[in-house]
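Pasting the structures in now, so scroll down.
Next, two complexes with chain A in common: one pairs it with chain B, the other with chain C.
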Partner chain A sequence: MTPGRRFRIYLLEARFQFVEVLREPMFAIPTLAFPLIFYLFFGVIMGTRGVSLAVPTYVLATYGVFGVLGPALFGFGAGLANERDTGVLLLKQTTPMPAGAYLFAKVMAALIFGAVVVAALFLMAAHAAGVALYRWQWFALAGVLLAGVIPFCALGLAIGAWARGRSAVAVVNLVFLPMAMLSGLWLPIYMFPDVMQDIALALPAYHHAQLALKVIAMDAGQPVPTHLAVLVAETLAFLAVAALGFRRADSFSMRRSR
Partner chain B sequence: MQARQAHAPSLARLSRVTHRYGPVLALDGLDLEVRSGEVLGVLGPNGAGKTTAISLLLGSLQVQEGVASVFGLAPGAPEVRVRRGAMLQISGISANLTVREHVELFRAYYPAPLSASRLMAMAGLEGLARRRYGKLSGGQKQRVMFALALAGDPELLFLDEPTTGLDVDARHRLWSEIRALRESGRTTVLTTHNLDEADALADRVMVIHNGRRIAEGTPAEIKSRTAGRLVRCVTRLAPDAMASLPGVVEARTRGQHLEALTTQPEVLVRELLARDERLADLTVVAAGLEEAFLALTKDTT
Partner chain C sequence: MKSARHLVGRSLTWLAIGVVVFTGVLATLPVPQAADGPARGVPEETFAIVDVTAFDGEAFRQGWDVWVEDGRIRHAGQKLDLPEDLPRLDGRGHTLIPGLIDGHVHSFLSTLRDALRFGVTTVLDQSTDPAFAAAQRPAREEVARGTEADLFSAGMTATAPEGHGTQYGIPVETLTGPDEATEWVRARKTEGSDWIKIIYEDGSAFDMEIPSLDGETVAAVIAAAHAEGLAAVVHVSTLETALEAMAFGADGLVHVWRDEVVSEADARRFREAGIFVVPTLSVMVSADDSALAALVRETDETMLSPIQRQTLDGRFPGGLAEGGDVAMENVRRLRAAGVRLVAGTDSPNPGTGAGISMHGELRLLARAGMGNAEALAAATSVAADAFGIAGRGRIAEGRLADLVLVRGDLERDVSRSHDIVAIWKDGYLVDRAVGSAGAGPLAEIAPAPAETLVADFEDGFEARFGAWDVTTDQLTGGASSANAAVRDGALVVTGEIAPGLAFPWAGVIWMPGAQPMQPVDFSGREAIRFRTRGDGRQYSVMLISTAEPAGPPPAVTFIAPEEWTWLEIRLEDFPTATPEIIAGLAFVAEEPVGAYTFEVDEVEVR
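Here is the complex of A and B:
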């Protein structure tokens, strides 16, 4: 396959993946609208009542994590499970489509949706809530938030490799909302009991949020290498779990349609 | 046509292929050959192993025992993928993309695709380009799948139960499209559980039952074996005696009944009643495909 054609397949696959998800209200509403509505309410309306801008600044970082997490889990995890269930993936595997194009498309779609949410949050924060950051902080925060696509897509891949069809949406919801809460995305975890704080230390969204909060000097004070090490280790673990799931599925996939 | 194809080169084959899903034996030493330019009908009841055979030729299942090859290569090889198209039994593709978008995406996978307008015409999708897949009727959805299978201008086409769930009109329309492909020199492997469909389309029919080939021939030859009636009764006559009666294709014991597949049911029934005055529980039914399969299958268990 020529590099030009390969590039075109990657591009088209990504474009249609994006369009497909954009047209799905079940996806667009929770993943795009929720973080923005939350920010409007807790960041702009409630958060600007006091003298300090601590709340709108804090939740800018944590809702940003929430905004990147949603598309990765719903688009990648639930989307993959659905396409394996309907047989789309089986059909595409009989064509010359490179497998990499399929994964690339899913990651790109999650990245673009994440970027849209982050951009909208930034606009609301700067213009409606009056959050003031240094220019480097805006850029660094955006970069850290969007990098979260990597561990979260790996988690989505692991869920998509094991869960089937509609049950994947349920699994994603069971992961998405509790993890968001326990990772301190809605309320800082020092407000939680000790047990819940311990759980947070195991969650990728907690470590990602801490990195984002570090940019605006509102993190809990653990060192950056700790957060990075946990995120890298968990990403690798998710990929391994996904690989196991695909291997298991290979020996069973035709069973139901024989 | 038949004579020519008998000598036509082989495009794809399965040799002594055995396949298991856990404890379930899906294919049992199956041999299958696809010859250049033909429409091969792979016929069998549900669960016979047709889809498993196709999946092995598509490389979407790994061969466990035996050999599978397409164009002399491994079925999953990249060189094979660009020359082959497939229509699978899947529940659907993305509901949110339009027909045109699906076609455009699949065309991009191939080095020398058919033009989008040609595909739309071949699959009878004119006027539906901007319609979302999810809004199409069952027949229209199948036609989109057909267009996607043709996107790369394939030499070899696999159609796995292409008309399942279609009404008569939609089925006949797809049939004429498949015939047109044959005229254009393409080779098609078609699985079906419908003898009429195999009869209407195939040059050669292979009947699979319980993962084994039980018959092979022209549609007319296969049909002649299913044209009869199944006569069933409780009698003291032995199967061997029954088999020697006029018109009997096959006779065997099944439980306390004796079953005979015959082309002349009236003659057979008259003979039976004459020979065994205590004959009881007599039924005569049309030998549908299932009965024909049973008759064609020697019970080895």
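Here is the complex of A and C:
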């Protein structure tokens, strides 16, 4: 396959998958709206009661993580499980399309949704809450937030590889909501008891949020390499878990077809 | 396949549009507006900052409430029982520190205002015009809304004739021997000097030869200061002179040295002597050092006054010789030995700026191994204790409410200290905008005397009104020189324009006001008329309207020919909107580099 052809397949698959999720309001609306509604409530309405902009600034970073986490988990976790159950995945596997294009398309869809959420959050923070950051901070924060799709997509992939169709949504929610809360995405982590703060240390969303908070100097002070190391290790672990899941699913379907 | 290709193109277009819109959104988001002044609704005078991480001068305290009443701290501690109706500021996510104390500055023009705008609420001036210091001192006793940092000053500095400290155009009574020490110190005490500053500098550390007081005289001045109940601090630039000054009984050294790394044994001797050191790393490392350059980069340019910009852009002539690492190592060793270290910037020397450089000094002290709390203590309580300034540098009951609220957690990273949310001086909010603070409304400008003649130099250097002085680019870090003398009834100006600055200058300035650089209203006058002759090169008349020019002052050039020539420059020819407001008229040589000689006489504003 020529590189040009390969590029075209990747691009078109990304486009089709993006349009597909766009047409799925059950996916698009909550993932786009939840972070914004939460930010409106905790960041703008509650957060600007004082004269200090510390709260709206802090939660901008954490709801940004929340906003990127949603599309990645749901797109990969629920979407993948669903496509496998309905046979769409099998259909795609029978086409000459490289498997990479499928994964690339999913990551791109998550990235684009994430970017939309991030842009909307930033606009709301800037114009409704009055948050002002240095130019480099706006760009760095956006960059750090969007880079989060990588570990979160890996986590989604792991879930999608193991969970079956309808239960996948439930599993994703079981991971998504508690992790968001325990990682301090809804309320600042320092407001939690110590035990809960210890749990957060194991969660990828916590480390990603800390990196985002580092940009605005509101993180808990752990070194950047620690966060990066945890995120890389967990991403690799998720990918390994996903690979195991696919292998099991393949042998399972092979046994069934025999 | 055609439609697939079509879709590829459309997808790419949309992707491109998406990327452009996304970056466009990011690029148009608001950035912190310095000119906005303090955040809306920040309380002052009587209020509380609640649930804040406070640095009380010694240590960080979590979850503190700080209750300010009538400009003083009434209570500070955890979970205070605050009145229901007390205005309060949510301090979560921020750090509250005592107003910073810069342990080594030189004050003039807008430096006190600039210092305050960057959270330096008190400066310890290590020599300035005694008249300026005397005029500033009363303000520090008042608890009132102010626009300037409080000044404590050594006033005039003790140095040898032509020694270091005499080159800045401020009056200095020099000393020639130990027998003059007592009288000299008493004169300073009468002038109001808060301590005595002595220059012990022969230039050897800079490959220069500078006349210096001898050791005996330094020792005599220290002894005389102690006899008068004043502390004595010494400017040194070598380890050898530092050790000598310690042996003479100095209370403090106002620089660290860059010539030699101090041994552990000597560092211990400094500790045992109880002497403190103000390292002034800001002028010891290169002004292009990464920490300092980053600080300037992270500072909104509109926050900087013209003088701050000028001095920050300045560089020591010829650059700094190597030695910054030695200075760093010395600070490291002195700290390890337990020597008291006081943060100070030596601003506004070339490469530094009043106020702003204090945040660079904190970064450098942290780099030299000081912990975040330790560095902040050096810039607050330790500085206050070293110089015996009561009531400052601490957040505690009864202290002045000189407070700085900084975004983020300084306990973790002191290099964030410049990210200031609000500054209170005596409990009053400080407007951080340039020029907004007491910029001198037009109503305060005195009218000019009826007389049009400024000076005919028949009876010497005196002007009919106002005063003459020499002015050179040394003010902004240049090395040009000027000498003025009256000869045969005319003012003879000689000197040399030195390379190093983009716009070097040197010459004389006439300031018409009762105070230096005080503007005077010459409405109704049309021209400046004077007689000149000289070496045939080009000179400028600069018209300075305010004490804080926003950039180079408007100027009109002239040639000083060999024969006496009358010149008349119309005020309207100066490229400024207010040529009738004159704070100073400077007659200066500029480029090209080299020696110059010119004379002026019969100066008139008519």
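Note that in this section the second predicted complex is superposed on the first by the 253 of 258 C-alpha atoms of A that agree within 3 Å, B and C clash if a C-alpha of one lies under 4 Å from a C-alpha of the other, contacts with A are read in each partner's own complex, and residues count from 1 in each chain.
Throughout what follows, a contact is a pair of C-beta atoms (placed from the backbone, for glycine too) under 8 Å apart; a residue touches a chain by one contact, two chains touch by 3 or more.
Remember, it's a predicted structure, so these values are computed and weren't measured experimentally.
In this superposed model built on chain A, chain B and chain C occupy separate space and fit side by side. By the document's definition of touching, of the two partners only chain B reaches A:Thr94; chain C does not.
Taking Cα centres throughout, chain A sits at the apex of an angle toward chain B and chain C that amounts to 160 degrees, reported as a multiple of 10.
Residue contacts after overlaying the shared chain place A:Glu24 against chain B, while chain C stays out of touching range. Once chain A of one complex is fitted onto chain A of the other, the partner contacts of A:Leu12 extend to both chain B and chain C. Remark: least CA distance from chain B to chain C after fitting both complexes onto chain A is 6 Å. Applying the stated touch rule to the two superposed structures, the overlap between the chain B and chain C interfaces on chain A comprises residues 8, 12. By the touch criterion stated above, chain B contacts chain A in their complex at residues 21-22, 24, 26, 47, 49, 51-52, 55, 58-62, 78, 81-82, 84, 86, 88-94, 96-97, 101, 104-106, 108-111, 132, 148, 152. Touching chain C in their complex are the following residues of chain A: 8, 11-12, 14-15, 50-55, 57-58, 112, 115, 119, 122-123, 126-127, 130-135, 138-139, 142, 216-218, 221. Considering their complex, residues 4-5, 7-8, 11-12, 18, 21-22, 25-27, 29-33, 39-42, 89-94, 298, 407-409, 412-413, 416, 419, 421 of chain C touch chain A.
The touching residues of chain A, counted against chain B in their complex, run 1, 5, 8-9, 12-13, 16, 19-21, 23-24, 83, 85-88, 90-91, 93-97, 250, 252, 254-255, 257-258.
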